């Protein structure tokens, strides 16, 4: 009985690395994995993610299997020889201090460049759009024809961000009331919007398509409904869209027929 | 069973000395100054709150898995709404879940319950240095209990800005229902918890420094005590900052001081009259406490696990001094990494780089500890008791929790996984799979000392197995949710195309969570049943070395019926040439000394 | 053995406690509604459409009569309160004169109670169509000149503003809320009956208040300063039910209930009588006790 | 040890079973429509009368889970079913519950703006029951057109807690609009029924006829007709003069804004910050305020009058009065939000709740805002002048105004 229990328990601990690795192996098959990346810097981030995953994976498997092996081997019920009387080993301590230290330090330095690209090396340009977080929506303001924000020809929109592909795009991020976080999963962008601060966020989209804008910082009871949509499209489409929206904003006559208004809701 | 025979004279002296203390029921059990009673008071209160926190978690999980659907039991509160949970109620649920678990369960159960009960016993003192402070440290928890509990019933409901209560959501009364009275009560409760911890830590430091038994040098202290000692130091240095910050936020809310709110910030069409503050200031102050607090929440568990591992591996702790140094190292580095909670907060990115490096470095001592635990298990004679299983699972799970931390430490990766379920997985692996498992290990291990009876091993193992299973089912899957970028604190994420397909996985996790909570019924029954009907335990049921096992179980007032004298370190197991496989710290050196000499 | 039985007892108790709590299979429909009655009603509603429309009161008589009477206030009206007129004071309180609350106007000598509205609830016929000569509804010194104003549906009203400052006239429950420029005006033709009188306000000067009542048949009168009123040309030979209203009355929707058994006066402020052709029916002096008004 | 392990076995499973059953049987009753207690109390309805109203409404409109509508309403029952019902997020590909997923927590299951979150919003969410809507392309008293409501859902209401639903599929928006109409008609019918009790003749013994003539032809049809008529009631907007000189137009607009003719300055203030006449209420809140006054004066009177020397029927009357006042007190606590004044819009924020198109501003000025103090300019101000005002108002957020000095309002430049 007690022999069996020792075996079972050690196997339970073996199950940890096995199932752990299995989960990560199976997840992508069910599309429970990094969403499609359509940004320039995203490659670097994903690469780093996989690199760390591999690194930690190795350590994870090694340590967990070791733990299992010790439990299996040194189970008192099945192993009669006395416990080793040892207080430690100086060499070992040094080894397993130096190696992780070196690895971690390497990791730290290795990733700095990516970080700088995403958060520190701001492209020299005036904001392409101003995004203002507000309970509970993303209010957008495009500079309009004159290219400067805060003039009478600004274009005002809600939740519907359009971005020209293959161009640097600079967002001026603000918040009107509380903290929000401007999260573009597919563009690998996340930045808190802080009341009283103007925070620049930039990226270069590489593929056209429609993607989610998510709020990733608790902003009140309606946090979950703060959904936006970013549409990446060619420069030509982008300009066309800009013009149509501007015409809509300046309308002095109703649409000829209500059904068009309905159509707009699509 | 090692029954230590002691000079009867000493015994009588002690009995005489403590006779007057056998006073009324009130002073013995309620307002007792006896560290053991206080410890147990902490233990029972925190276990009750553990249950409450768990149920809150279930409610949260229900909403995450099946948003807006009829909530069982709770649904009756929203009858007119067809049993559907209101979104602000959901924010209150996760806020209070975290608050309860951190401030009313983990911190008090480690420092309060185990710290109180174990420190004097393990260093050979007959009580704490300041028994009255000790009593107060428990009774200051009650205002906190009441404040947090009551906040659900005030107008607007409980605090709903997350346990981090970031301004301006928390400072601006108009910003959210829970930011009214709920938030104020939350801050008051927090302050009370702080006072309690502060009283405790002062007490622990003094006791450990001044009241060690003869022969108990610092480097003969068990790891548990070392951990408690360093935890106490951490608290003493970090807490004032949080308390000050808390009062600043209170002033912002009540006096309109505007420390944390910028100029002209309009919430809900309510323009704040004051301004000139900075929301980020709160984050810095808050995390300056709350990051060390993370270690306050894990170090004592590490200590206890180290002791339990050695006991049931029947083997000295591998690398005792490196272990001590790494605990100290974690504590030291713990003060310079708070910024890694703020990589995305708008803090200067260059500063982020600094914190990234220090954060990478803090992984080091943790790694050292893990390797030493493996070293301890290696070559032992492992006894799979319930306590040992929990301790082993602590090691196994702490590896996961530690490694997943590295993802967040890597700032570019953090851009994507910050505030997603990846971080949720990370801290649940450290705090639940880590600390909670350590706590259970401690309960099963020291239960005999607390109540003089041992807990039921069979049901203990059933409890361990189910908890371990469901826990991993609930939390491991969170990693892959995080990989999709599934954000935390969303009442309903499925209207995002990106996350729409994750509902089944969340449902699975919720069922696991339900199972996890349900299986605690086994623990509850086992705990209370064994308290009255468990088999009587002797002084030293596990054949352990440390001092508490030389005292009677449960120890009388004044703990020891003789003056313990320490002759050696706490981990002298399986010493060659000694007939029994353990040498207690108090065992007279004669024969043992010779054997040791031969060994070296 | 003893211990075991006690233990199982303990756990059983705990179990029952848990099971019993919060476990009642309640399935209520809309509270306070009678479900099967509703079923019956629905059956009638979905049944084939009926011609329906308004059923006009049957015309039974010929000729026309007049109703007159007089309201007096039995009690002592306190001095009217001054209104808080804090805007445009150079016009609204010219020469320090105060605007007073006009909700209870009692003639000092005759005790007559002004601004009581009396109208016929349903009539079968009218003598002539609404005249096209407009009535005037004017405002001066931030006060509507007529505290209570009766008009006939279809008859135009000239809403004027004799003040040097702009006003707006907001007839609640109607489609009318118009800017009335200084010295200007506009015309409003009421389209629907009001039922009980409806409130008229000026949002620029919130203290400005009046009441309007519109009737299709125009059989409506407002008691004058001396409390007297008269409704001419009522259809004779058929029972007429009259509704009486006063701004301050304690009855529902301002209905003025009086103790008048001879007129079958109801708490809803209604009385019924039948006029003979060419009769001038005087219902005499009607005493309004203080208790009938929310003084 | 053996005997010890056996015993808790039974106990353990009793407890775990207990927990399981506790979780299992949390079935809550289905959601229901809350009666309009404020009106019911105002009309002094008896318990039977309240019951009759709920019964009739149940017959005419069904329940939140199973809405029904008579053909006279002109509503599409299929769309209603899509919007109504509980949210079944546990059912993959569910087809209903839209209203409760997106709207109910503010606007309430009943559309009475008494959802759990409502009290904490400023301004309060819209109460559909009076059937009054602010931002529309029709004349003041007319209902909004279908397109108006769709547009409102599409843009949200900037400056309020009403978010944009632009990203919802058109079909779902359609369903929601239909359901809002349904709730609105239901609420209007409820009001009409409750008020009808007063109009009853005495021989009716205070019971409404449950005939088709009364319920449908006299009560429901007039309400439904107004909704149907909305589409044709859109305001005809004369085009802005093509050759308009913007600068001159703005100057003219400013003149009008401050002049006695348009009189905008009275409420929106000399600064345009909306700091003029600001202590008025909108219709929804005014109703509550009026009732509050009635309640106050009533209870004051009740306190003064001594029951001494009252005839039995007077005493009965007195008691009834007291009971009514007490009920009113309760109702105002439970079924009404604390009234708030409505500030005139701050025109320098660049936030336009009804939309920022010149067209939208024209609608607002021409027809006024239904339910709000904002009066209509039509009839007294010619269209071209309205266009001038529109142009001036649109320039306000960008106007540098020296008079305002240091405490300048927040311009669009800083935030919106």
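Remarks
Think of it as A, B, C and D in the order they're written, each chain with its own count starting at 1.
In this text, contacts are C-beta pairs under 8 Å (C-beta built on N, C-alpha and C of every residue); 3 or more make two chains touch, one makes a residue touch a chain.
This structure is a prediction, so every number in the text was calculated from the model and none was measured.
Interface comparison, C-D versus A-B: the pair with the greater number of contacting C-beta pairs is A-B.
Taking the mean of each chain's C-alpha atoms, the chain whose centre lies closest to the overall C-alpha mean is D. Distances between chain centres, each the mean of the C-alpha atoms, put B farthest from chain C. Between chain C and chain D the centroid-to-centroid distance comes to 23 Å (mean Cα coordinates, whole Å). Averaging C-alpha coordinates per chain places the centre of chain A 30 Å away from that of chain B. Mean C-alpha position of chain B lies 49 Å from that of chain D. Centroids of chain A and chain C (each the mean of its C-alpha atoms) stand 63 Å apart. In chain D, the residues that touch at least two other chains are 8, 11-12, 15, 19, 22, 25-27, 29-30, 32, 117, 120, 161, 415. Residue positions of chain A touching 2 or more other chains, listed in rising order: 135, 176, 221-222, 225, 227. The set of chain B residues touching two or more other chains comprises 73, 76, 86-88, 176-177, 266, 268, 492, 525, 529, 533. Across the complex, chain C meets chain D through its residues 4, 7-8, 10-12, 14-19, 21-23, 25-35, 37-42, 44-47, 49-50, 52-55, 87, 164-166, 168-170, 172, 174-182, 184, 186, 195-196, 203-206, 241, 250, 252-253, 255, 266, 268, 270, 291, 294-295.
The touching residues of chain B, counted against chain D in their complex, run 65-76, 78-84, 86-89, 156, 174, 176-177, 264, 266, 268-270, 456, 458-459, 492, 494, 503, 507, 514, 517-519, 521-522, 524-526, 529, 533-535.
The touching residues of chain D, counted against chain C in their complex, run 3, 7-8, 10-12, 14-15, 17-19, 21-22, 25-27, 29-30, 32-33, 35, 43-44, 50-51, 54-60, 63, 68, 70, 139-142, 195, 198-199, 201-202, 210-213, 215-218, 260-263, 266-267, 277, 279-280, 283, 294, 297-298, 301, 305, 321, 368, 373-381. Of all residues in chain D, only 1, 4-5, 8, 11-12, 15-16, 19-20, 22-32, 34, 64-65, 86-90, 92, 97, 100-101, 104-105, 109, 115-117, 119-123, 159-161, 410, 414-415 touch chain B in the complex they form.
Those residues of chain A lying in contact with chain B across their complex are 5-6, 9, 12-13, 16, 19-20, 23-24, 27, 30-35, 44-45, 48-49, 52-53, 55-56, 59-60, 63-64, 66-67, 70-71, 74-77, 79, 82-89, 92-93, 96-97, 100-101, 104-105, 107-108, 111-112, 114-116, 118-120, 135, 176-179, 181, 183, 185-186, 188-197, 199, 211-212, 214-225, 227.
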